[in-house]
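Each in structure tokens, the structures are laid out below.
Two complexes come next, and they have one chain in common, chain A, joined by chain B in the first and chain C in the second.
Presenting the complex of A and B:
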């Protein structure tokens, strides 16, 4: 077994385990920490596939940024406002059915697709390539996404403003 | 022998960093003492040179007091989660041409991404301690980190634009002719912004509201003692030293200096210590500022300023035709 395969299985176990822990732990704060582990594991998968740029951005935005904001929200509501929040997964059965359905759908879509035995060799500097394609061929979707984000930001500020 | 390198190099770098970090505490104490007309540690060893060793032994022998109300797994894991990113940031720093653990092609992004993870450990410590001071401190830390990560990243991206590469060794090599700190206007302003946001991102005075000893005792580490406290201190200093190395690499030409090539790492260390002393100088010169002043400085001054600097650097690069000096 090569180191790649070993690393994949390790990451797979960490990812699935921490993802399950996110939905199954009662303590909301622990759930967020498991989420941080799951997101870091995702960065590891990206790293394994030679997508270093994606891995770094995954860490920077999700594990660093999003988790911080979620934690902030929990602390503000739970400890400072005094409202006890706990995660109660009441519909475990229904959730399992939906998850199983998605799994079946994915497996069905993947079945019959030939999987290459070896990873395709990536030519050149991937980070440079990402930058070039985003700013040339895909510049319009890129800019549209930026406008969308701006709109979301304005919306958030509109809702957060104090009542007159 | 070939397969040994990935094992040996991190081992050497890790131990060298722990050694440097241990002695940096002495450097800071001596420096601060001189600023206040004191001598600083002097008793242990000649000129107090063995003080850090004595401190380390003392911290190892101390009793590990764990309050009953803590969230045990989180409380125990927090120092480690805090330490790992602070050590990982050294992985991509090249200490001389070809001398380093891993010279990634996204070196600087790796540094920024991993150092952003530090906040998770800090928050685990603040929350897990189940102490109001620790929690308040962690809240303030999040406020501050969210505010100062962006100026820190933007000011670090100015040398990236000037050098035209994310690889740290390329950025260092691009300064062979002219250090970026001497680059007209853009370089100096970016360096100042970098130093200010480093001081803030490291939570040091005047931005140390999260450990404000007069109000929060010691902030998020108030419930930690013994070795766990030592690990948190080690991680904090390692982060400052890592940021100093990054500053020396991005703006001060890294290993460039007079003398033969093997002196390169020495020059790099000297420059990093210069940046460290700059940060320390700021720390011991200013009084703590209020939280609203901290946030206003970030969002109203540093963020727009670094954005304008980034655009200016881009214009310079386009105007000169090719990236790089």
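Presenting the complex of A and C:
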């Protein structure tokens, strides 16, 4: 139990720290690298929650896929614009007030709720359970998701294609 | 750790992402903030699924991860297209719809 608590606090510090770096760092390329760390930290949180399969998906799709796409976009736009990678923020005070307000609202809504402190035992292997649920009860959304991904990727290629 | 610890962590990350979306000028920076927000929602879904002993929330997380990747691909294609047309990334300069 103690190791669990220690791992949670370590991951929480990594996650919050890298998330802050994503929104505060000046260099856009560094922000993407911090985002990769944040997404990896989230995969660690999934591992703590016994969702090994989701942690693997998170690493493959999110940390691998999205970070690569964003780096490509930065490289392409950098070449087009020829500016430096540094970016500025605006209205930091107002943004901090609104974000802090939303956080206070969320924490206030959570306070005093009867959340469970202990986890129920899961029957059997979670990865196996996820696989069986996806391919039986949720097979239709699963197939629709495949169509959505195809449409989205074709749309992205259409938008980003070179001019004839 | 109880469920509340995970929910609090997700709320903090969500608000950091919200801050990024509101304050960044660069369109790609705004997209990074949106990724952070969607990511914290996934933490919530998995935590609730684990603490209620129901695998459905994890299946839903699988779907949201895939949809987020599709969103990122289309969003970044739009950013590249915007660069071609307007030669700028700054959200403040993209005011075509302003009357």
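Basically, the second predicted complex is superposed on the first by the 152 of 164 C-alpha atoms of A that agree within 3 Å, B and C clash if a C-alpha of one lies under 4 Å from a C-alpha of the other, contacts with A are read in each partner's own complex, and residues count from 1 in each chain.
Definition applied: contacts are C-beta pairs under 8 Å (C-beta built on N, C-alpha and C of every residue); 3 or more make two chains touch, one makes a residue touch a chain.
Bear in mind that the values here come from a model prediction, so they are computed numbers and not experimental data.
Mind checking the superposed model to see whether chain B and chain C fit together on chain A or clash?
The answer is fit.
More residues of chain A are touched by which chain, chain B or chain C?
Higher number of touched chain A residues: C.
Applying the document's definition of touch, where does A:149 land relative to chain B and chain C: first, second, both, or neither?
The answer is second: A:149 touches chain C but not chain B.
Please indicate which partner A:138 is in contact with in the superposed arrangement: first for chain B, second for chain C, both, or neither.
In the superposition, A:138 contacts chain C only.
Figure out whether A:98 sits in contact with chain B (first) or chain C (second), or with both, or with neither.
The second partner, chain C, only.
Can A:14 be said to touch chain B (first), chain C (second), both, or neither?
neither
Scan A:65 for contacts with chain B and chain C and give back first, second, both or neither.
After superposition on chain A, A:65 lies in contact with both partners, chain B and chain C.
Should A:31 be classified as contacting the first partner (chain B), the second (chain C), both, or neither?
second
Touching A:52 in the superposition: chain B (first), chain C (second), both, neither?
It touches chain B, and chain C stays clear.
Note down the smallest distance between any C-alpha of chain B and any C-alpha of chain C in the overlay, whole angstrom.
When the complexes share the chain A frame, the smallest chain B-chain C C-alpha distance is 14 Å.
Touching chain B in one complex and chain C in the other: list those residues of chain A.
In the superposed arrangement, which is not itself an observed complex, chain A uses residues 53, 57, 65, 69, 72, 76, 80 for both chain B and chain C.
Which part of chain C faces chain A closely enough to touch in the complex?
Checking each residue of chain C against chain A gives 1-9, 11-20, 22-26, 28-29, 31-33, 35-36, 39, 42-43, 46-47, 49-53, 55-56, 58-59, 61-63, 65-74, 76-81, 83-84, 87-89, 92.
How about chain A: which of its residues touch chain C in the complex?
Touch list, chain A to chain C: 4-5, 8, 12, 15-16, 19-20, 22-23, 28, 31-32, 35, 38-39, 42, 45-46, 48-51, 53-54, 57-58, 61-62, 65-66, 69-70, 72-74, 76-77, 80-81, 87-92, 94-96, 98-100, 102-103, 106-107, 110, 113, 115-122, 126, 129-130, 133-134, 138, 141-142, 145, 148-149, 152-153, 155-160, 163.
What residues on chain B touch chain A, complex-wise?
So the residues of chain B touching chain A come out as 71, 73-74, 104-106, 109-110, 112-114, 116-117, 119-120, 123-124, 127, 135, 138-139, 142, 145-146, 149, 166.
Show me the residue ranges of chain A that touch chain B in the complex, using the header's touch definition.
Residues in contact with chain B: 29-30, 33, 36, 40, 52-53, 55-57, 59-60, 63-65, 67-69, 71-72, 75-76, 79-80, 125, 127.
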